[in-house]
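Read from first to last, the chains carry the letters A, B, C, D and E; within each, the first residue is number 1.
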Amino acid sequence: MTLVVEDLHAGYGRVPVLHGVSVSVARGDIAALIGPNGAGKSTLLRAATGMVRVSRGAVRMDGRDLTNAPIETIARAGIAHVPEGRRLFPGLSVRDNLRLGGWRARNEDMGTVLELFPRLHERLDQVAGSMSGGEQQMCAIARALMGRPDFLLIDELSLGLAPVIVEEIMARLGQVAAEGTGILLVEQDAGHALEVAQRAYVLENGRITVTGKAAELAADPRVRAAYLGV
Amino acid sequence: MRAQILGGAALATVLVLASGCGSKKAPEPAAAAGGSGVLTLGASLSLTGTTAKEGGLTKEGYEVCKKVVNDKGGFTAGGTKYTLDIQYQDDTSKQDISAQLVDQYNDKGVKLILGPYGSGPTEAAAAVVERNKQVMVDSAGADDKIFAKGYQRSFAVLSPATSYVSSMVQALSDLANPKPKTLAFISADDGFSKTATQGGTDKAKELGFQVLATEYVPNGTTDVSAALTKIKRLKPDVIVGSVHLAEGVAIVKQAKELGVVPAGGFAETVAPPIPDFAKSLGAAADGVLGSSQWTARTAGTDKYFGGAADYARTFAAQYGGRQPVYQNAQATAACLAAVLAVEKAGSTDPDKVRDALAALDTPSFFGPIRFNSKGMNVTKPMAVVQIQSGKPVPVWPTDSASGSLKWPATSA
Amino acid sequence: MSTVDAPAPPRTTTVVPAVAPWWRRSAPWVLLAAGTLGGIALQTQLYTAQERVVGTVFMFVALATAWNLIGGFTGYPWFGQVGFFGLGAYVTALCMYHLHLSFWLSLVLSGLVAGLFAAFVGVPLLRLKGHYFAIATLGVAEGLREVVLNLPRATGGGGGLTIPTLGPDAPTRWLGNDGFYILFLLIAAAVVAVALAVSRSRAGYALRAVNQDEEAAAAMGINTTRTKTLAFTLAATLTGVVGSAQAFRIQAIYPDPSFDTSITELAVIMVMIGGAGTVLGPILGAIAVQYMSEWLRENYTNAHTFILGALIIVTVVLLPQGFVNYLGDAVKTRRFSLLDNVRRYRL
Amino acid sequence: MTQFVQATLYGLLQGGLLALVAVGFSLVWGVMNVVNLAHGAFVLGGAYVALELHDALGLDPFVSMVPAAAVLFALGYLIQRYLVNLVVNAPIFITLILTFGLEMVLENLLRVWFTPDYQSIPTGYAQDSLRLPGDIRIPYGKLIAALLAVAVTVALVYFMRRTRTGLSILATGMDRGAARLMGVKARHVYALTFGIAAAMAGAAGAAEGAVRTFSPADARSFTLFSFVVAVLGGLGNMWGALYGGLVLGVVMSWGSQLLSGTMVNAVAFALLVVLLAVRPQGIAGKAFYASRVEV
Amino acid sequence: MTAVMQARGLSKRFGGLQAVKALDLDLYAGRLLGVIGPNGAGKSTAINLLTGHIRPTSGRVVVDGADLTGAKPWRVAHAGVARTFQIVKPFRGMTVLDNVTVAAMFTGQRHTVHASRQAAMETLDRVGLAGAARLSPTELSVADARRLELAKALALRPRVLLLDEVLAGLRPGEIDPALALIDSLRRDGLALMMVEHVIHAITAVADEVLVLHHGEVLTRGEPATVLSDERVIEAYLGSRFAKRAKEELR
């Protein structure tokens, strides 16, 4: 049960961004994709979920070919994507945002995700756009989980969040993975990501330059210098 | 790069223009001399756009004329036997295209023009006709303004705009009993309707009526409630509308909605003789007076169409039993006037046809056709009709009436 | 632990001169002059009515090019162009009818009045963007028509006004079909020349910068308000001049045809089909659309609006970025497929 | 005073009808950022469906609102799915021009099929009116139409807020890409939205047919008034069209009492331009629609 | 020494959110002020307030003694203040050269198109983008897009340069040349302000560091002092980073 991205080439218009990237996540695992801003991390996620056209290579889930399938088809196949900037529906309440998350799976049961993020409970009727960044990020992840996905792709979870909040959310992700969802975590801020992940990839200029176990990468002096150093 | 594209395309531009427009040639002669020939009339018509409906009626009238004349084997002028051909082009209800079409006919050697629908296009066409030394018989441009410019080559068979309302005022004065004392006018805001209103208010004052108000509404509106609300307080005996179909229907409809009930009734130009009027309003249309250029009772005969009733039969035969409306008849009459003038001139030469038109004085199914020095047909009276049991019944002038005026026409 | 070293991506290193050679810079001007002379030569080959048709094509070349200054270069969807067209027409009619001024003076005054009015309303209107700018300018145009309708003493209201062109009342004799052909040709050439000059001047850079990113443009030192207002004023002035010439050509002017929204719509369609933001696009668009609409009207009396509408639909589906822009891109990328083009814009 | 009350009431009724005509236009604009210039032709389409049903089966035009809506829904769905969707990602002006071409085509078809004649659908009661003290009249036809306008708007709000489909339309309008990530089929939702808007236009057309005359040439003015109403009310709020319609109806009614009758349209456009200059998001619009995201 | 650009009591409130509160800062010729702080701390708002893209609720902005509070961005630019945007804002429909030409053209003095293009080419050369002059900005890599953003600001021939995260997205190997370029600008006598996330870059070039938190100045001073400040560590860096920072500074 894996999500496999194989030799992926993709870009915007005539500008190639990814030059043959291969990444895979198994269900129940967390994989971290780290690298500098602009290396193509977001593009990789966007290509995997159909938001950017793939020019070469393949995206497969449990053997099923999803390359260049429409966004909604990929979503319906069970891959949830928490996009860059969260993209909540700002004018709708948290409740409606969560309902939309469960739209495909016709899942109206919010209990599970509210257990995971109890803070959202008291915010259910608040308009999503008016919440703090951390709460919005929780809402975005909760919304994605409402679809009961097999795989969860999260783009820049820590962006703009206080470290304390990041730690809280990361801890929840561990729980989610433990229940059998595969998570691909894209992070510029490598520290937290490497802590929770089992596997990690370093993406630079559209190519994977380093792969390995997260713990090993965290110990690699080059990775330390480039992504963990101050 | 951009310069190259620019260059190639500019060249293409010139080529397109050059090939598309052809080269200048001498116009082909319109008719062969001696023996037999075809008289071609050119018509610019609003077949699309705001007056598409009326343009269509005009075209039908022209077609009836063509069929009747040709079924009789055509006509003879100066020893040549002619059949009639009418060319149509759509002016999309726009005056600049109407003017362009008249020029286009001139380029093709078509010197005799049948008028477009509406005062704007007619005015534009008249100016071009004058410059090109063509001749136009106007079937539907009634605004007196067109004829105030000293044009010598445009002739209108229809009664001028000023008579549309004044005829109804005269009819009220002659026939209504008890005679109404006060009138309120609602006028659409276009040149024709305003000219008609002016003619009507002048006539009303002359005949001793009191004009309580003149309210203007936007041309083509379907909401005249504001004008009616204002008039309601004044309690006029008659509400007179100088309007088109849409406003005409709206006045009667909304007056009923708003409880505006004049002691006498309603009188409206243009709208009531059109079948759609009674159809739209149902019973509410009954009693409404209307002015019409022509009715099936109009007095006069001519050799092509006979009398008005004969014309109605001819028209109905050609259009599946439908009765003609006055817009059909005035178009046929314009075409008829052109044919009669060519016959009389004995030539298709536009100058001679013009002189023949200017001297024309003949009865016809449409009433007398005789033009004054401006080119207007002022001898022909307007007819006044009243909707009775859903049908327009001619009630004035009495010598060509088929029924009598029911008055008061409304009951509170 | 596996490690792969990334090779550096290739970099283009051709150094280009900052300024194009003179012959390249002057080519469009030569073409414009040649086109104008070609237009004069063409006149000898035309019937009177064809002169009118081609004269109208020139009128739309001028209108589309003027629209492009604000709508194409600056990116403000100007849906009220006909307001300034009608304003120019009525200023000319009023000047010639009431004041007995010569047409030529009236022509200049029409441009000035339209321009001044644009400068006046431009400041509040140009704060709006997108559809809101479109609807606000449309509102101004409709409002102007209502003003004209409601000043019957001056404008004749719905009854219209006729410019005197004959007899002792006429301040300027009607120019004749030949004269108006040349007049519209020269106006079109002048408007295109203005567009060409603007396109290559500082102002052109400023307008395109505003179009692409107004915030960044302001940070580059561009006075965006003044730039937009100037472009709007210039476009309105040129439109007013065209309206003035058209008023004199048709003589009898009425509010409805003078402020007919379909004139704006046609100009917009011409620019969009030809290619917004280019000098050539509006010219090609105007010629193609006006010529096609005229041809259809003559040959398909009952179905011409249907066919033209269908053609417009097909064209914008296939070429949403306009012909000239499509061609530019296609030549650059060597990809000419229209289906690829459709794929770029569909859902 | 009576005159003022009468004008106000009449303005409200007219406004209700304006709202019914405009609500679909506003929906399409708000959700898809498409200004549908063919909207007026859709309204007329509904009127002609009601006319045909009346002539053939004697159906009351208010009853015909339902079949008119159904026919127009199908038409709208197909047009969006197979035509407008093709240019959804092009600059905003392209959809404007596409729908303009569509309007030309539809208007031409209506003219060929139904002739350019003025039509109306007679009903026994449309011209009768309710009498209030002071001889203030409320015409039944307009009253029914206005009440239906309110009912349809309420139903739309309920549909949007409470149903799965409605929620997916709202979400797609706010952020198409995010909605697709939830598994919402954007092509279908857009087509559905356009279909619903066309259906409401069709229903509005049937109601208009009951209270006024119409001809194919009226398409333009329906679109223009929808434009004004949508902007006045503001986008992004389902109640916007209702507010906009009522405000416009009353202001025009008052305006034509105080000024000459031909100033009505001038009043409408002056109101529009002033409102845009002062409050571009409309009376009830929400600012977040300005920052919509589309993928 | 007098400051080229001064802000006093600069504040901005968006509805209920106090984005920037009573900010004072001075930028001197030949000196670089580094501004750090978590996202949402008000860093970008501060730049927008200085350049007139946002009107301050209160406070003053002075450039060379001239009050530019609430002045439009183009007036601030004419006064010699250039900026880059955090999210690069190239004019996408123009070539790289034309992008810079626009900047070179509207500096307050009149420059002909011809002269501006020459100047633009020189600026592109300086940032190392001359080879890409005819490309579209959409064809540039992230690093080159940042260079273009910088070139546009430099083409204005500014005296004050406000850099909003110019290093974001650069690979480790690209950061050093970029810092060298910034350092050369400082030596040329520009007054610089640099909002940055890459903290070791700030420590390398900044003369003074200012930490923003919830729109307020948490602390300011020498880089080393600021980075070892307990409050900064708690609010922003987190303990783990602070430990490393200390090691590195030692």
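Here, contacts are C-beta pairs under 8 Å (C-beta built on N, C-alpha and C of every residue); 3 or more make two chains touch, one makes a residue touch a chain.
The structure displayed is predicted, hence computed values, not measured ones.
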Out of curiosity, which chains are bumping into both subunit B and subunit D? C
If I average the CA coordinates per chain, which chain comes out farthest from subunit D? E
If you tally C-beta contacts across B-C and across A-E, the winner is B-C
Rounded to the nearest Å, the gap between Cα centres of subunit A and subunit E is 31
How far is the middle of subunit C from the middle of subunit E, if each middle is the mean of its Cα atoms, in Å? 41
Computed distance of Cα centres, subunit E from subunit D, in Å: 49
Multi-chain contacts only, two chains or more: what residues does subunit A have there? 14, 204-205
Where subunit B touches two or more other chains, by residue: 48, 50, 189, 218
Would you give the residues of subunit E that are in contact with at least 2 other chains, written as numbers and ranges? 141
In the complex, subunit E touches subunit A at residues 38-40, 138-143, 168-172, 199-200, 237-238, 240-241, 244-245, 248
Quick check: in the complex, which residue numbers of subunit D touch subunit C? 29, 33, 35, 83, 85-94, 96-98, 100-105, 107-109, 112, 186-187, 190, 220, 224, 227-228, 231, 260, 262-263, 265-266, 269-270, 272-273, 276-277, 280
In their shared complex, at which residues does subunit B touch subunit C? 1-3, 5-7, 9-10, 12-14, 16-18, 20-24, 47-48, 50, 88-90, 92, 94-97, 99-101, 103-107, 120, 123-124, 127, 131-132, 143, 145, 149-150, 188-191, 193-195, 218-219
Give every residue of subunit D touching subunit A within the complex, in rising order. 164, 167-168, 170-171, 174-175, 177-186, 236, 286, 288-289, 293, 295
So in the complex, the part of subunit B that touches subunit D is made up of which residues? 48-50, 52-53, 56, 189, 215-218, 221-227, 229-230, 232-233, 245-246, 249-250, 253-254, 256-259, 276, 279-282, 284
